[in-house]
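Below, chain A partners chain B and then partners chain C, in two separate complexes.
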Partner chain A sequence: MATKTDTSISRRSFLKWSGAATAAAVAGGQAPVLHSLAYTGEKSTGSEPEYHFSACGMCLNKCGLVARVENGIVTKLDPNPKFLKSRGMLCARGNAGTSQLYDPDRLKYPLLRKGERGEGRWQRLSWDQALDLAAEKLTKIGEEYTRCGVLFTPGSDMQSQFVHWFAEVFGSYNVTTHESNCLLSRNRAYLDTFGEVPFADVLHSKYIIMAGANRFESIITPDSIDLMTAMKKGCKLVVLDPRFTKTAALAHEWFPIRPGTDMSFFLAITHVIIHEKLYDEKYAQEKLYGLDKLTEHVKKYSPEWAAKVCDIPAKDIRRIAQELAAAAPAAMIYPGRRTSDYVNSTQIRRAMAIANALLGNWDKPGGLLAARMVGTTGPELPEAPFYDDNPDDRLDHGSAHIMFDEEGSFKHTRDAIIAGKPYPVKGWFTYKINPLQSVANRRKTLEMIDKLDFMLTVDIAMSDTAWMADLVLPAPSYLERQDPAAGLQGSSACACVVTRDPVVPALFESKPVFWILRELAGRMGLEEYFSFTMEEYREQQLRKLPDSERALREDGVYYNPSKLYGIYEGKIYKTKSQKIELYNERYAEMGLDPMPVCKPLRENVPSDRFRMVVGRNAYFTHCTTQNNTLLNELMPENTLWIHPNPAKKLGIRDGGTVILSSKSGEGELKAELKKGIREDTVYMASGFGVLSEGLTNVFGKGACMAEILEDFTDELSGNMAMHETIVKVARKGAS
Partner chain B sequence: MKTQLAMVIDSSSCIDCKACMVSCKVENKVPGGYWRNWVKQREPRFGKIPGAKDPAAQAEGCRTWIIQAPDFDKVKGYGDPGSMHFQPGGCMHCANPACVQACPTGATYKDEKDGTVRLNDKLCIGCGCCIPACPYGARYRHPEKKIVDKCDFCAKRRERGELPACVITCPTKARTFGNINDPESDVARLVKENKTVRVVNEETDTEPNMYYVLTTAPMNWPRKAESPTPIRWWASLAKPLVWAVVGLNALGVLVMFGKQLIIKDEETEK
Partner chain C sequence: MIRKMMVVLLGLALTFTFTFSGIAGEKGNKRKGKYTFRTTCRECHKPDASAKEMGPDSKTQAQWETVFNKEKGKYKELKCYKEGHWKDKKKNEALTEKDLLNIFTYLHAHAFDSPSPAKCK
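Entry: the complex of A and B
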């Protein structure tokens, strides 16, 4: 970034770039300010601050940021005003990045477990000792149990692709990721309807129904920001959620739907749209497959029928369907992200996708958008070696009807490791992911770890997962390392590329996972597969974008001016019928419901029990930022949301301790009496009740979500089903 | 006209993500347990929806609420008191600041250049008289520095030509900042184009420079500015004393300032 004084920017004129202007105007206006670094007034520090572009790593949005460095210390992170995907903002977590960098709880050097697992006795190793040991253990497991005997679990990180590559050249197909705990069921449903997973053009929408998503608290850029902008322009937001989230609070209408019954609502919406002929018939003729079958199928799914199932009045369902159709095609059922909720979550999302299809919103402003061209290319890597003693398939192969091979299912993989079938897995490599906290049924994850000979964790801090490992290797934060380029889809905002270079040198003895994997490869005779440097890798990624190097240097982001709407004009859909599939032939062939069929819930909630739901807030990313000092202050521990009526019956008062138990486990936490939750539902935030004493802010606080949740999965995708758990709540001390 | 820096806040845009609070905390090194700014919220009034009174809905067994948020298209008087909203705030840099009156040493003052209410660290004795004087609770005693701390609209950032930390970071741009006396500014334009209110305590209107756009009902929370009589008496006595003590010191500082300015000017000429 330039450090030259831009004298044309007076100290007064910056006021013109105040925040109320549109995001784009702010983006344009504020940018020169950042170049006018040489302020000539009173100096408080010894040297001028330096400014560096980077991409935030506190969650997976990768928002563009400008880091201010004074005397070698990162003192402030501000949004990169030129970064359109985040509309030039940085959220609470983004602002708390300095606290991750300078966290006293950070891992400082390689640690080898000395005592029992979870006992917390560690021996400091040198990097050479640690890497020699890891290479020896992984090689031994590979020789004894085949290369597939090692499971690799990378989190969502810009360097995770190297863990995938290492697994491939090491020879294991057993790679599970964050996705099977998150959005696989949505991806499945939209792939099997439109042939592609869409991006929501929230900004230009006139009517949005949001079910099973909490976009104002679970921030996704640009959707979260665009939602507010759209509402200011008159977009109507209807929220279905058993819980009064902040999204519900700001919506025009909130319906506390009976949990797990969203499908009935959307089938009824479809019923109204079809039977009142509220769709575009010409469009339907050209683009949709199976409308006749769907028409017949949804006949019985009237709003009156749905009202009894989902607890939303029939006349409101009918009215909402009419309003939605009137706003089409700039209207949508928001596709959501984390859709890991029920055993039929793919079919629930199919019902939503089908309603979207009838709105004719695909590839149109205010509707669902196809992926835009970003232009980054995969680097040319040598062909991975073939190991002929390896088993035929992944460990979890065939455990769900239509799994994603590259993502797998953590839950099914875990079950297979515990059973030792179809073959044993004895090694586990995790990178920046915390299944001990995030994956339902913690006891089973502990049982799985008991089956292992060697577990290696690379992370920034002593997460619960690191706490259980044999070898823990310290990674630097996103502000201290060089990363590959990442292409990002930003809905109607942009298609862009970001990257990272170190803002400050890595602290302590921390080393990036790329370096760790290269070192391991070198020790295991695989060095030819890791012979490239990060610069070379990035150059290859950007080789078809000649302007990107300059843009990344000067603006911190590269935009590809690729086509946004009308990508599908004159093109076929990537489905079997080459149309948008209301009726899915492939499902029919496999004996699955080709159209979503509303079935009773797996388990109804008995009157003395509750359904537990989980969900995000704006301060925590999954189970990773709860221990961040700045963020922890916003929520020092999690509470159990419970409605005052059942609480009164159980003698539970606000702030009193309750015992929460399920078939999986139990936990103790404080009750928070909330009118904004259904009487049959309770809620808690994730990431507390930790095992690790290395997380000093949260250790001993709250209860662990993973301990309480039972591990059901979506039958189609193998995605986790996190809202299937029925819990008992009791006042502590009550008999 | 004199510069008066001000903030215009559209509470209906606020999603309560608390980015402004964390951004401020990092920028101004605010210690744990304290804040220079905040987001307050109006609790919703939950009720059964109109639908629940509807016999048909009752027959269906629905127990459903709807919270109707205020209409974004038009300002409906004072908004809908039944709906929830989030209200960002901070020091309101009042035109008639009770904290300045309550300060016995003159450490707290109204900056003539930009109209901000500032605190001179060197003069503050940490007595805390200004803390209850602020109707908004915008001041706290810094646990390590043992003096009072408050928002200064990010003076250091402004010197560098940057927006205040809370403004630049806000995802939904709920906070707008600028010179309210400059008709060309965004804040002046917003105040001109929208109905706005200032949140004050009825008994002690300190004429705050924080304007709330009337898309949401304002919340009535500011407390009465407390300034006990003995303090006022003491203040009138102590102020000249303290000034006398620090006078020489301040003179020295001024000389240094002057020197620096001269040196700077020379540098610029080069």
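Entry: the complex of A and C
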């Protein structure tokens, strides 16, 4: 397949394909910009279409795709049939990638804030002006407050590694990413049980319990597709979720579990497996640490006890435990991803990990798999400098019991910036991430921003985070960039490598963050650390995979046929005991519960209130694609899921407007009466109720999740706890 | 004179012993330790270099404690230590006790069985 990259858009063809090129005001700004870039559907009379391999950038999965380009315009995105990780699939979001590329709301040139934050008054700058200003401001903060005085927050993007590298050579340890709002609790729990975070071999599993994960809507490849295939082959799916999600709808059994009580269910599962001796005793003897202590520990956690806690009948808990164990080792409690829900989320996930350990499913078909060899290599970069005047550690160091050094906690970092302790942070660099929408307690994030001297955002569109920045720099979409290689773990589907070259040239004045960082480095005396080109970087990444260049050129993906099962044969586990830790010695030494202890919820839901839960659907990636024209048609605004019974008591009708409030804030949105949600629980999708007038499809629509959620955190990992907020719901206009 | 020198040397040795014997229980600066490890050790211990690839997750915390424990003195038995490679290359001076404490803190914090295992990258 041709992978020509020298396509260009002539003004004439651009206008033809764009329909009407209209002058309009940039988001809250003053400069005229092109307003419409939509494909008209007019048949091309030009040359034959070209087809280019790429990797989707609409979410984190990086699914292989083939872009059709006609007259310099990307007209269609199709799945790459050779891309095994997604089983040759490209989802709705993937198909909507053209709408990101040709989004009239895209940022087009550097913008400097002129009015108050959030006022939306901007001045257009040249790139030289913008970069000179950014370099001057970052240097000044570094000199005045040490290099750790700048916080870096890159999103999940193939170029984010360069933001990490820039932070390191600039000298700041203060880097937070998406992860402390997402999966750190799961990672903590599995690292502290197995010594590694697993990949689920869904395809070969015979029995799966999915607690809180919504894999048919919140798509993870290959798991979402493999789950359907596995079920067709006879795999049983049991879903625990307070909401009747699409995953619940397709499951064999759905239990609307009382939110926050999953630990009780899994301790009871463990109780049954142990006391009915449903585990492999030889395996347990060889691989597990602390079974005696666990046996004693779970005696009290019978199904009858758990039923009163989690609202799932005891006979069902016992039966599910027996069925699960009978299917073992090709059975699992699905580890999930976003586990930022409760203050004890790590311990909840430990309870799941321990039950998995008793199934003996580690490193086995249909169970939990270790990371496979992909084979990409870290490029040899110059040694980053060390700044002797820097503080010893991160700003949020020690704010939770066992934090990840390179991730920290956004919540604790934010609190520390607001407090100015243990040291001041006065600069913030964000790249393709939107904490104003995604991080609980928006008011606190705004308070944090008020403490800053300088905030710089690099993004494709005017997100809420960009809207609050001092300097906004336009980035190209993933279809317009050259990116480094990315090694991907695809469970039993594959271990593979993808990369990207520009399918079309970058529109407007947008520049990749790699280029921006190189330019900044050059202005700040750090040029020696960014003296490589993307080609050189990629060459180094692939230097141990000699066949990869051909495979990427011909197939758009390289596969490493590395070992899949039995990776741990003859090896020790990366835990303190060097076994799978049912009992965690390190926790005991630290005064933490070495085995999960079921405790009362932090706050019970009063009869006139609700617990708010959040979750994904198949249309949106976190808080980033709601404004995409194609996807927005599927859900133009968010609604509040509420059960008809409490709604009736409150005088709320379907489609009526409600006021949702918490100790953090409030919002106004339409009610959607659903029998598929518990009476004590409400739910809303993320990404609406935006501040930014630069998001024209969603501005003024729905309510903001981050405004309502209170910012509790998981005590062990510092991960955000997004299901701890108790809310009040009232009909608009009710007294 | 000779006796005086011996006293001084003995004093220095005792100081070193006192400071360094406690290294496994002391807290250094792991970020400085990472920098010192990379600038001192990585040249030989990176992938495809002259010595075995080495990073924090090459050993368990207990193994790093043994390597950097004065009584067991494992680090002194290492060939590269004996050959004088453990030095600040910019200053061309041997690593100080503080440098070693920092390196130990870095390696220990990210050891194979630590809460945050990491390679040296």
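By definition in this document, the second predicted complex is superposed on the first by the 692 of 735 C-alpha atoms of A that agree within 3 Å, B and C clash if a C-alpha of one lies under 4 Å from a C-alpha of the other, contacts with A are read in each partner's own complex, and residues count from 1 in each chain.
One rule holds in what follows: a residue touches a chain if its C-beta (ideal position, glycine included) is under 8 Å from a C-beta of that chain, and two chains touch if they have at least 3 such contacts.
Predicted model only: the values in this text are computed from it and were never measured.
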item: Touching partner for A:675 - first (chain B), second (chain C), both, neither; value: first
item: Which of chain B and chain C A:333 touches, first, second, both or neither; value: neither
item: Which superposed partner A:576 touches (first chain B, second chain C, both, neither); value: second
item: Which partner, chain B or chain C, touches more chain A residues; value: B
item: Touching both chain C and chain B, counted on chain A across the two superposed complexes; value: none
item: Interface residues, chain A side, partner chain C - complex; value: 173, 188, 191-192, 195, 377-378, 380, 383-386, 390, 392-393, 402, 404-406, 574-576, 578, 586
item: Residues of chain C touching chain A in the complex; value: 29-32, 35, 38-39, 42, 46-47, 57, 60-61, 109-110, 112-113, 115-118, 121
item: Touching residues on chain A, where the partner in the complex is chain B; value: 9-12, 14-21, 23, 26, 30, 33-34, 36-37, 39-42, 44, 49, 75-79, 81, 86-87, 89-92, 94-96, 98-99, 216-217, 219, 224-225, 228-229, 231-232, 234, 244, 246, 248-256, 304, 307-308, 311-316, 618-619, 629-631, 633-634, 675-676
item: Residues of chain B that touch chain A when the two form their complex; value: 8, 10, 13, 15-19, 21-23, 25-27, 32-33, 44, 46, 49, 51, 54, 56-57, 60-69, 72-73, 83-86, 156, 158-163, 165, 167-179, 182, 184-187, 190, 257, 260, 264, 267-268
